[in-house]
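See the structures that follow.
Two complexes follow with subunit A in common, the first pairing it with subunit B and the second with subunit C.
Let's turn to the complex of A and B:
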């Protein structure tokens, strides 16, 4: 049996037998080289209560080259792309070691949720938000967890029921959005521009309203 | 060729000096030779011309020999094994002086940083790691970290002991305590190995890991597979793991050589794909202002590159900083230059480039809000009521505006003049493959239609060789001329350039003309004569330019980055 297959099969079996870690690994189709890993958001973080799924691809040279992982569940985190789910984590790149396993890597991902590294971001906009106002960032991250990862929210299990609050999704203040909407701009455009400019918290004072308008006038 | 004799007389005195030095060098030791590669002439080049440079081509084995002597030097100073000395040198990017200084300062810290010993390497550790290790391995491990010991061992003895350690490690674990490789979980594996950190894995996994590092990542600094373990695999260990995998071992050795070469200012790796030669040339940064160090590696005449910059072809007679400037300019300008020239005009007030993509002739500059007429370029205010019909072409204001415009256009024109000629020669050069094929066909045809033998028709190939070589020179003369300050010197330069160009075009036409069996004999004579002439003209251009650099005759019309 080829070494890679043996190792991956063992890793999957080990993970199934280990109930304490709360990490699941499932097959996507019949191949053991394309998997879905999942874990719960760690307690005491904005991701608490959410369940996160990770796409796992085992490369041919595994375990001598790192596994390829990305979030399937959308997540608001400085080290994860809010659009693609791509992850910035050293052990998935040059700090990889062949003794690391799928389980240990998923646990590392889980702990990445506990301790974001905004200075080495994957998603610069999210990282800026984190640096500007941590409380506002956490509120948004919690909202994303509620919407995408089935986390508990004010609306209970209000997943997919009712329209999503786009302003909260972007981590913005609805008063700010209304202020520019009243100038005649479309809501989506206002949200887009304010998000890009990081129009949040203390940073609002640094941004001239004229610049915002100028930005919105750009085609 | 005749020209070689002609110039050798001038340089006779110069070469005699070099010859003396060579004699001295012959008596010297091997290490001295390496330190002074200038004295060793490149094989094949009989006498150096003024536009040529002293260099030496080294094979991979030659460089390995140099590396070996560096390693041996460190071994003899510190009394460490060859493997350890090699890791130390690699860790310090082959900077001997820095290594010696730091090592004398704190050998333990350096050994840890260089991946020779694990950080918490303390005497109590063997007890903690269980009884799996034999005491003999502990002893031999101590020999690996020789620096801590005051006694200096002979290198060979130390190597032996490190080998015995590796062999000892390779033995299977005891039967009562079956060890399963934590990477492949294959319980049929019996051969395990570890570095000094004692992280044991099966030989198969080590092999796959090293192969993946070497082949996929082109990495020769291979750390232990354990997480956060910075101990690095020695050459002996790598060789032992790879065993029969000669491909990966060969690549590993090549990577070591590349690492060494990249940290030596006097060495440069041949940039041609899968070439493993190195060129040694001790030209200083400062002399790049006067010399063009074009070198050819020992692998073949086509592996020609510049030692001073990254241009992988012959850019003589232009010096590196100017060649770089020109290539940068071409890269920036040529694509867009033509389009800009034919589609835009400049605002006569702020010189912004404006494209007129529709509408009437009443233009308002988006940048400075200046209003003008697209046809006469004069201010729109003078146009009165004749809105869509410009009849004020000869007004003074309009004329001035157009003059200013034409001046700025002239600079573009000037650039394009040089660029087009440059590009033209480059294009012809690119077609050389076809030309060679065509010439070969012709040579075969000649053999049939005349009584000439294969040897006798070689003159055609020689002519093509020469044409291509000269086109490269010509190409770069246009880059040079573009930056030369206007004056007598430039005129002389351009005279030489013109003579060479004419000679090349003549010869080029001759070799591409259809074959007439009647006149093959005369054709042969003509081609041979012109080839000699072209060769000579090329030498004149190269010689004169090189001499000009040494004499400081050339002045540039714009500041050259990298020149003082």
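Let's turn to the complex of A and C:
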């Protein structure tokens, strides 16, 4: 049995035996080289109550080269791409060490949820949102947790029911959206532009209405 | 018996003594199998006791012909007094050579004291043993075995305190050894300490953090940062790094050491990988150093390829700054066209081969023009040149299509995954993988987050990745 398989099997077994860390690793298609890791959103964060899944691919030269990880569960976080789930964490790149394991890497991901690094963002828009208004960012992150990660809703009823609020998904104020919608723009267009322009919190005062309209008129 | 007369006891039960001696010896053999030898029933035993401190200790070896022997009163001020300015710096030792004891156990021991027939320090590092002999004998108590007590007293180094050989130097405990020939003793102490540590290391077991297996120290490597890994894992890791040219990761795999960028030293690399890999590793390191300087050009001789630096003391613009002289093969060439040196004044000659290869390719296959060119330059020669040209073009095309070059050092980078913010592995320049623009190191993301910029919101290329998302049910309806 080659060293890579031996080590991965050991790691999976170790994770299964360790109940205290609350990190799960499951096989995809019975191959130990394609896995799904999952963990709960840390308490005291907007991700609390959510359950997050991470796609794990073990490269041929593991553990000498880093595992490939990305979020399967959509997540609103400055260091995770909100579109693709890609994570740019240093230990998944240059700072990888063969001493790191699947479990320790997943724990690092979990702690990344506790301490976002907006100055080294992966999703520039989310990072801007975070910098502009932390409370608004947290609200949006909580909403995403509710919609995608099975987090508790505002009413605490568990899974979100009813239609999803696109405005809340984008972390915008419905009054702002309505204001531009009333000019005759489509709702989705308004949301798209306001989101890109970071039309939130104190930043609203910095953005001239003309600029918004100009942006919306662009093809 | 003699022993009975010394203790003055005639009622000692010899059978009980033999039993007690046997028991004591059994315990010692199980705890210190390496320290004890001999047979107590013969009445003669041998103890060989190494001195093992709990950690490395400073040891000063003083010349006792110059320094007056210290009295107990003196030792108080030794740490600070002018008399204690050792000429040689202290040694840092975790062990001292063993003491050898030949002990005679009378038949009535432990009801009568053991007799130390000889007490001797290996390498004679402890010249006078009479005081120690007295200390050991004082430890004996009627009816109780004393050998364990002796071994512990010596092994732990505690006896050095009782011999007044310890003092405090700079707040740390140090051992002071007076010896007639320090220059002879010091290397012996060092060698002994080293071999003791090596033995201890190779006998212990370590959990290799890479293969997650417990492995005997003999098959492990202790790196200078004190981290231990199994030889096989380090070999695989370093070999891969060296093969891939990732010289920066040939170092301790511990995450802290990786973050600190601690690279292995030559001795460590030599112990792990083959001679050929060591050579490549050294070459890579040298290359990395040289490539920090963009004026360095590799010798165009394919067999040579040595990095050639710019000539010193030449004026910019004089033409001489283009000259490169290879120190290995002696080839003098122009840094611009990489052809044989054509002087500082004349322009680089146009590539003749390229021009006629282009002319050849411009003509239709089988045409008479091609035939003329084939006759002039030789058919095989032309075919070879055309093949070479096409390969170069394909290569250029590929570099253009699938890679981006660093705006500072022009190394080509192919992205496999992740975002478009790149940091050049070679020169640490931040740049955008989409457009190749240099980015501010302090805030590289501004390039992707400023509306109106061409790479605005293009930190990720979504097209290819988007498909992997499960569509969110009902999301479009809203």
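The working rule: the second predicted complex is superposed on the first by the 212 of 219 C-alpha atoms of A that agree within 3 Å, B and C clash if a C-alpha of one lies under 4 Å from a C-alpha of the other, contacts with A are read in each partner's own complex, and residues count from 1 in each chain.
As a working rule, a contact is a pair of C-beta atoms (placed from the backbone, for glycine too) under 8 Å apart; a residue touches a chain by one contact, two chains touch by 3 or more.
Worth saying up front: this structure is predicted, and the values here are computed from it rather than measured.
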{"item": "Which of subunit B and subunit C A:88 touches, first, second, both or neither", "value": "second"}
{"item": "First (subunit B), second (subunit C), both or neither touched by A:100", "value": "both"}
{"item": "Superposed model, subunit A: greater residue contact from subunit B or subunit C", "value": "C"}
{"item": "Touched partner set for A:175, first subunit B, second subunit C, both or neither", "value": "neither"}
{"item": "Subunit B versus subunit C as contact partner of A:7, first or second or both or neither", "value": "both"}
{"item": "Which superposed partner A:122 touches (first subunit B, second subunit C, both, neither)", "value": "second"}
{"item": "First, second, both or neither for A:68, with subunit B first and subunit C second", "value": "second"}
{"item": "Subunit B and subunit C contact sites that coincide on subunit A, given as residue numbers", "value": "3, 6-7, 10, 61, 63-65, 97-100"}
{"item": "Touching residues on subunit A, where the partner in the complex is subunit B", "value": "3, 6-7, 10, 61, 63-65, 97-100"}
{"item": "Subunit A contact footprint on subunit C (complex, rising order)", "value": "209-212, 232-233, 236-237, 240-241, 253-255, 257-259, 417-419, 425, 445, 448-449, 451, 456-457, 459-460, 462, 465-466, 468-469, 472, 474-475, 477-478"}
{"item": "Residues of subunit B that touch subunit A when the two form their complex", "value": "182-186, 201, 204-205, 208-209, 211-213, 216, 225-229"}
{"item": "For the subunit A and subunit C complex, residues of the former touching the latter", "value": "3, 6-7, 10-11, 14, 61, 63-65, 68, 74, 81, 83-84, 86, 88, 91, 93-101, 121-125, 127-128, 148, 163-166, 196-197, 215"}
